[in-house]
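Listed next: structures, encoded as structure tokens.
Both complexes shown next keep subunit A, but they swap its partner, so subunit B is in the first and subunit C is in the second.
Entry: the complex of A and B
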């Protein structure tokens, strides 16, 4: 089976210049996303998962730049596009599902208006009425009452707002949708409903997705493959089931142990001792080494581990425990 | 927007007015100084004469009776007689208030437009040279006292260039053949005072606008707008500005009060026949009825400006609760 690559990120490096120096937020990340596939980006706060996803459409703050690397979207390198050129790709080709709990929708603008404006921005030939008809369809698609489309965001509950945000992300039928913690801060029942909605839409529309979250259970339910990130680098990539049951990186192991297992014995959830390294002046060698419980010696402190295939070609891990140098 | 919200705000405003009236009444009864000497325009008054004056102005009655009478008078728009002008206070206040309102209105318009534009440009180019220049300019005009700027402008434009009239609201003694000629005469006299007063408050507006816009620009919905593919310019104008204007509305309403009462500096420099100068003159002459009337009128203007701001706020921000 030869899958069609929709997005290929090659050796991406995104740095932020701050007063104290240059933060290497994303430092050499590579991954592939196939059409119709859903890829999870998981890791602690500050591991670079959001920066990686935002780099794809160059949605960085003013002090952030893509230093090097390629972002091949349908074969075109987005990293080389100017600000002007990338504008036409945003939302039309790659849209986002933001957190509904945050102020992701403009509080003084009606929801219908916020969806209509993006339709008419990218499809100027579409009239106001036609755009509104499309908003109605989108509302039905996400199980919202179309009669409520002229509400303001604050008039919706958290779950409804998240549905409206999903409807907005689908407005232009994009090839790729990036979900930035779309279920965070919703209560569990609503969270489950939103996950069901996302899964239904994925099947119905054949959506390709990148899902950013720190919650592995969300990844398990919505993703095909997962990228585990640590300190701006990829620690492990593989199919979701493989990563959860047969992970190889000590960090992935710790990350999974940090989640309570409702079927297992009652025990304290394990935290990971220590803090992630300073990304302005990172230590040489493996960045996880100072916190690692399976350190094998000097090599961990001195040599940066490469991503190597573990089982066949679908599972990769960057750890000296599995590297050739160890054998 | 709904009618209940407006009615509720109106009710609140009326309560505030009542409180102001009460304070206004007692304030002048506990103030030091002898108004009778001023009325009589003489120092040593006989006891009988004082008593007769006291009876004339109703000062001989108990405070609560005086208070009720005062409120009754106000309800019939009777503000009493001016000690100094020997005319009804309302008549004295009327023209002066119009002159000040004219000045304040145009100064506000000028300051709002200039302040909003400078603040917006400054925020949109944060940290760039243009921001440093705009912010520096705003701080500079913010720091310049109105009377100083007024004097400099008079010296340069009126005395040296003769481009604008020196003082007053119209050319003294001139009869205007048409209404249009009158309007043009007032407009020529209005230009420098409006500019002076406008500059005095414009700096503050620019600084608030910049800060408010910078806050809004870090909001999540701005990231959403960027992700949608909007140009930076469109994001600032269509997505950020409507939100950033909210704090401006409040400040403009508060400023309205300062402008009516604080116009003294500008009005003195330009001999503008406004309420600021009237208050000053009335204070010097211990013309209590005029002062009392002026305070009330100024307070009502401030309350009215706040009422308008509240209603405008409800219109601009759909999150304002109506109940």
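Entry: the complex of A and C
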């Protein structure tokens, strides 16, 4: 059976205008997300992961615009929709769990009220009682005691609030959930609980998911495929296991080596020297070249590498090194 | 540095009615009977989740919070917080590195002023040129090369990793014997963590500095330390060499913590032990073993009797009534 595409991003370019110039935060990103699949976006801070996600649901700040590209959600181009039109898609079709979302709830409003509000805003025909019943079900779904639904956010611990936020994001049965560092601010054990919850919900509800994080280990636990981003571009894309074992981009290699493996030899992890380039005036050629340890010569400094297929059609890499040895 | 039965309790202010009329006081036992010794030139890690008391222990050692009871010994001598002359010397020798380099550096000072400030405070009379040389040496040690280029920058011009390097330079310039590093890399990208951690290892190697590394990340602790202590609700549950804790922990909490560590690129898949529920509030500590409410192998005795930290094999201490290696659990 051919997988059904739920989201297709084609050559997305999102730029921010600031006083110093134009920041090319996302510059030519393309990927496909199939129904029921989970896709990870990984990279250092400032590589465009969050901007890509915000472009998808069009929550960019005022100085940011989608310059070009298409965002096809179930065949409809979200990039061209007006603010009013996109409103009907948020929550209902696509919902987003923000970084530190557990601190983003309204502190003076009961949690049940906040979720009911979301439901009734998008489905005005649903009555108050029915909405409350749904909140109860949602609480059960995320392993929270439904009797606690009338609590205020401060009465919940961080982990419980995060569960409540996940419940809220599921309120309208969206087909796509975007999680932006959903476990970053949590304790190790709570983080493990939330990862288990997300994995269970994905199987149970058949959701598609985009998981944004700088932590490759979380991607390894929750995602099917991963997009490695660097400086607003895709460096490598492919199935998670394949990327971890058989990566071809020097940046991916460095990123993986930055994590200690406590089941292996105790060897000091390696940092990636230097900092990501300034995206106002990016260097010519491959953007990773100034930090790359495998640079092969002039071509890296002068020509932007294209994303090319590695094995079959699932694994792609944008590096001259690969092109060189396989042509 | 040695701690003997260290206790740090905080009193919670409650209403006048509760406190005076009903005589009820609520006390948080943030650190409760902690014993540990850090050897000269050793990196010792304190690992735990939020609320475990690891930060309070670190602050208690440096006299940033008052201890309630117990002893803090530095060079076999009790630390005397009331003795001004002693404390002056103590503050020179024992330094702290904080978690958040965005808040711990004064935004109105240049890097040179920040790094040189402790020298001035300690009344070291140095000529301007000597002082500048020392600052440059410290900056270069911390990996800000060439140091001269950084002297007149302000913190806002630096990245997070660079700021943390400035804090390390500030600490290094005092040539301390002991450093408490409280989550020094948790705000940084994974790609720069390693270099910062290497600085601690370098400091230990070059200057024989003792370091107390406080972190929630067991894998980072494992990477750089000689020994690791795991804390849960104000008590140490297990102490042992880094390799031992990562591979052969005996306390169920320590085992659970290692089992949920997600690993990139490893073929070994361990059974993950995900504990149910959350750490109880330190205001309301469970009786008996503090971990019994969440322990997967809890037995009757655990509910009433508090286990003491005992030496199971040389240099390996566990506070559990029924310690057992992880392989034997079905």
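What we mean here is this: the second predicted complex is superposed on the first by the 318 of 327 C-alpha atoms of A that agree within 3 Å, B and C clash if a C-alpha of one lies under 4 Å from a C-alpha of the other, contacts with A are read in each partner's own complex, and residues count from 1 in each chain.
Keep in mind that, in the parts below, a residue touches a chain if its C-beta (ideal position, glycine included) is under 8 Å from a C-beta of that chain, and two chains touch if they have at least 3 such contacts.
The model shown is predicted, which means the values in this text are computed figures rather than measured ones.
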{"item": "Which of subunit B and subunit C A:95 touches, first, second, both or neither", "value": "first"}
{"item": "Comparison of subunit B and subunit C by subunit A residues contacted", "value": "C"}
{"item": "First, second, both or neither for A:59, with subunit B first and subunit C second", "value": "first"}
{"item": "Partner chain in contact with A:124 - subunit B first, subunit C second, else both or neither", "value": "neither"}
{"item": "Touching partner for A:104 - first (subunit B), second (subunit C), both, neither", "value": "first"}
{"item": "Common ground on subunit A, meaning residues reached by subunit C in one complex and by subunit B in the other", "value": "none"}
{"item": "Residues of subunit A touching subunit C in the complex", "value": "44-45, 157, 159-160, 187-193, 195-196, 214-218, 220-221, 244-245, 254-256, 258-264, 266, 268-272, 275"}
{"item": "Touch list for subunit B against partner subunit A, complex", "value": "219-221, 223-231, 239, 242-243, 316-319"}
{"item": "In the complex with subunit A, residue positions of subunit C that touch it", "value": "49-50, 159, 189-195, 197-198, 201, 216-220, 222-224, 242-243, 246-247, 256-258, 260-266, 268, 270, 272, 274-275, 278-279"}
{"item": "Residue numbers on subunit A that touch subunit B, as the complex places them", "value": "57, 59, 87-92, 95-96, 98-99, 102-109, 117-118, 121-122, 152, 154"}
